[in-house]
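Heads up, there are several structures right after this.
Note that chain A is present in both complexes that follow, paired respectively with chain B and with chain C.
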Partner chain A sequence: MITKINMSKRINTITTVKNQLQVCMLSVKYNIMRGMLNRVTFLTNIIFMMLNNAAFLIQWIILFRLKEDIGGYTLREVMLQWALSASSYGLAHLLFARVFSLSELIINGKLDSYLVQPKNVLLGVMTSATSTSSIGDLLYGLCILCIFCFSFRNLLLFLLFTVTGATILTAYALLMGSFSFWFVRADMVGNNLVSSMVNFSTYPDGIFKGAVKFLLYLIIPTGMSIYLPVHLMVNFDVGQLFIVLGFMFLLLTAAIFTFYRGLRRYSSSNLMNART
Partner chain B sequence: MRKYAVIYRSILMENLQYAMNVIMGFITYFMIVFILMQLWNYMYSNPADLIAGYSRQQMIWYVMITETIWFGTRTATVTNQVTADIKGGNIAYLMNKPYHYTLYILTKYTGEWSIRLPIYAVFAAAVGVIMVGRLPDFHIITLLAAIPSVILGITIQGVFKLCISLISFWIEDSNPFQWIYDKLILVIGTIFPVEIFPETLQPLLKLTPIYTVCYGPAKLLVDFQMDKYLEILLAQVLYLGLGILLMFFLYGKGVKKLYVNGG
Partner chain C sequence: MNVIEAEHLSKTFRVKQKEKGMRGSLKAIFHPQTEEINAVNNVSFSVQEGEMLAFIGPNGAGKSTTIKMLTGILYPDGGKVEVLGIDPTKQRRALSYQIGTVFGQKEQLWTHLTPYDNFRFFGAIYDIGANEIESRIGMLSDTFDLGSFLNTPVRNLSLGQRIRCEIVASLIHRPKVLFLDEPTIGLDPVVKENIRSLIKQMNRELHTTIFLTSHDIGDIEKLCKRIIIVNSGQIVLDDSMEHLKYHYLNKKILEVKLQEETALPQVNGITLLKQKGSHIKLEVDTTVIKINDALHNIDTEHVEDINISNVPLENIIMEIYSSEKV
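Moving on to the complex of A and B:
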């Protein structure tokens, strides 16, 4: 009898998770479809974002004309880093763009419409917006990988680290955004730290020394989202892979915990708005 | 002219209220400058080396000055506001006001950078002196002489960004064009002086906004030369004149395409 109850509970949990994920996927799908309403704008956004990223190629070509290796990296490795950085950023902004403006929702008391919906509040908030130009980032990363360092092994590792990188970036933005439940000015500090994480991710870690390196692995986790994965793609090590995965789960758990703790302090601004 | 002076004064007063926001934005500036400092420190493995005629200190100060101009003038007025006005139809209301819409936007932009830029400049100078040391052979007279070039460069930047935003009359979202322009300035203009590029490319770069917006003012502050000063000022005046003509042309053509749907 007890086994039957346990089984039915487990099936219920699986069904709930499945339903939640389905709703999330549908939400992202409709966000993209909304972005595609104007085809010209949609395509221009994607193509120009790819060109925008490609502009940095010029920067690195010039720098490598001056010196053969920069921070222990050759052009191929810098491009690999750029590819991973662009793809992680793209995936995070494609699926969870709203996390990056979470502070605004909290400070302006705009979470009400998410709280009344019969699905997970956090997932509802996270998937409620999509940045269409991020498709360009995602594609750019894959293109760079194919041009500079394609192999089946690299592709598999690249896809894995794109997911871990996007998760770490999203979790970090969620954690920083959630501090707005406690502090009004937290949005400014948080936004600066999240954008710093992105800025640091496009330069080799070899150019940074001492305490800065420590900062980049723990306080601004670019090390865990980009630097270590790039090292792993060059020289694979199972132990380091588990460090990346462990850090990702730890950060994600801390971010989710902080969000729900903060949500208890949330006060509505009584704004009338609806999500359709 | 008096009405634009009134607009300028009111924007200036409004922005003084939000000086704290500018200071908080300095964190991002500091992070980017810090990364570029580390990069150039690495590139100059021997501090006595010269790259394209620039010493390590001059190169880092060059980057800091261009980034200061970039961050000090980064406002949404000439970009997002213009695009939103055109996309949302607010332009139909604004174009009937007793001022020229583009000049109103430029005045607002000037009011905004008049607060932002000095704050950034003071912070940047402090960071530079602490982390890199004093700029070699720098005199206060150099700063005074370079101010017209800095103002012209910033105005050219505003005019060109406004021209790009006016593309919204034809294409709904002009942001992708802004990205490309920004990257041209940021990637090529702020990090490298023109001399670092191959000699065959240098004349071509002198024709782009990079020369008048970033290179000109920064070069004068880092390594002032009278012949360069006159050359840069002349190029800036020509560039600004052409930019303003283009701005009026695009606006004139654009407003003819406007449909007012009422409401």
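Moving on to the complex of A and C:
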């Protein structure tokens, strides 16, 4: 009897998770469909994002012609870092773009429509917008990997670290955005910290020393999302892999906890708005 | 059976205060000041199954805050609330399957999608199977007459068509209670009337409980049998519409067109509201003077036309709004 009840509970949980994933996937699909409404804008957004990233690639190639080693990195490693930065940024902004404007939703009381639905509020909010240009970032990362350092092993590790990098970036943006439940001006600090995380991810970590390095591994976790994974792709170490995974789960748990604690303080508004 | 029960419900908001000008802005950085606003203060009421209730009040009275606490959007600071026996603060998701919400000022539909795709999306949100959702879309589309624009993107629909789609989206999971917050805002009189008759039909056929807030007297008068008026976060009146009219309609408006301009005698209980030539508009207090006696004071032999009407409900409600507490 107990086994039957347990089995039924398990089936219910599986159905709930399946339904939740289906809604999230539909939401992302509809967001991309919205982006595709204007075919020209959609394609130029993607292409220009790839070209924009490629401009920095030329800059690094010129630098490495002048100097063989920058902060302990060779051209191949810098390219790997750029590829991972672009892909994890692209994946985070493709699936969870709304997290990066969470403060605005909280400050202006725009979470109502997610709160009246029988689905996970956080996932509903996170998947409610997409940035089509991020497809360009994602593709750019894969292209760079294929051109400069392709191997089956590298591809697998790259895909894994794209997911962990995107999760860490999303969790960090969620944590920073959730502070807006308590402080209205938290969005300014939060947005700057998230931008810093993205900006620092394009420089070799060897050029940073002491307190800055500590800052980049813990306060602005670029180290965990990009630097350490790049080191792992060059010299694989199981212990360091668990550090990355452990940090990701820890940050994600802290961000989700902070969001739901803050949600209790949420003040709705009567601003006229539309689901756009 | 009560479907909504609110006991001593309260909600306070802390609002930032700032002195005027740049000096005030600078001062607010170093010494921020806040003021506590009691948006809802000790509100208690219950709503029965199948009832159509108007929950009204002036702007800032606490209507939307109350609805948001009933639907689980906001956490109350004090008191207890149950909707269909569910506590919205603890079981928000379980409650969401049982209730529907239409916020006239906020769209929940994806504007680039067609109503059909939107309804399919809402079907997924409420875990409705593919066959079942098709049948419900078909049924609601017939009821709300959406057939001609079911496959047109929402952004290309008129406001009236959009509101109809919003209502259908909130009915797709067959909610037992429907919260309507200004559902007819910005609509023309014909569309308003159409929406009202659809809401009535839904209440009659599906026995859905309707909790309505609106500033439109027509919505209240034509849809609801009970009215709760809130002001400054407190309930100032909770009565049946019939009783409200009976209790407050002791004044009649008498409009008379005479053959020629005549001076009217001063009579207790009769107030001259307006006189333009031979057209006179009077207010008769029937608790002081009977309408028949009031007519005797007018030169009836020279009356060309006469019209007796009730004081508009709008005026009654305005009178209640302006009074402190009934």
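By definition in this document, the second predicted complex is superposed on the first by the 270 of 276 C-alpha atoms of A that agree within 3 Å, B and C clash if a C-alpha of one lies under 4 Å from a C-alpha of the other, contacts with A are read in each partner's own complex, and residues count from 1 in each chain.
Definition applied: a residue touches a chain if its C-beta (ideal position, glycine included) is under 8 Å from a C-beta of that chain, and two chains touch if they have at least 3 such contacts.
Everything numeric in this text was worked out from a predicted model, so none of it was measured.
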Look at A:I32 in the shared chain and tell me whether it touches chain B only, chain C only, both, or neither; answer first, second, both or neither.
neither
Kindly classify A:S196 by the partners it touches after superposition: chain B alone (first), chain C alone (second), both, or neither?
first
Is A:Q22 touching the first partner chain B, the second partner chain C, both, or neither of them?
second
Give one of first, second, both or neither to describe whether A:I107 is in contact with chain B, with chain C, with both, or with none.
neither
With both complexes superposed on chain A, which partner does A:A254 reach: first (chain B), second (chain C), both or neither?
neither
By the touch definition at the top of the document, which applies to A:I207: first (chain B), second (chain C), both, or neither?
first
With the touch criterion stated at the top, can you tell me which chain A residues are shared between the chain B interface and the chain C interface?
none
Contact residues on chain B for chain A in the complex?
21, 24-25, 27-28, 31-32, 35, 38-39, 41-43, 45, 51, 171-173, 175-177, 179-180, 183-184, 187-188, 191-192, 196-197
Along chain C, where are the residues that touch chain A in the complex?
13, 16, 64-65, 68, 71-75, 92-94, 96-97, 99, 101, 103, 105-113, 117, 121, 124-127
Any idea which chain A residues touch chain B in the complex?
38, 40-41, 44-45, 47-49, 51-52, 55-56, 58-59, 62-63, 66-67, 70-71, 133, 185, 188-189, 192-193, 195-196, 199-200, 203, 206-209, 212
Could you pull out which chain A residues touch chain C in their complex?
15, 19, 22-23, 26-27, 30, 33-34, 37, 111-113, 115-119, 184, 264, 266-268, 270-276
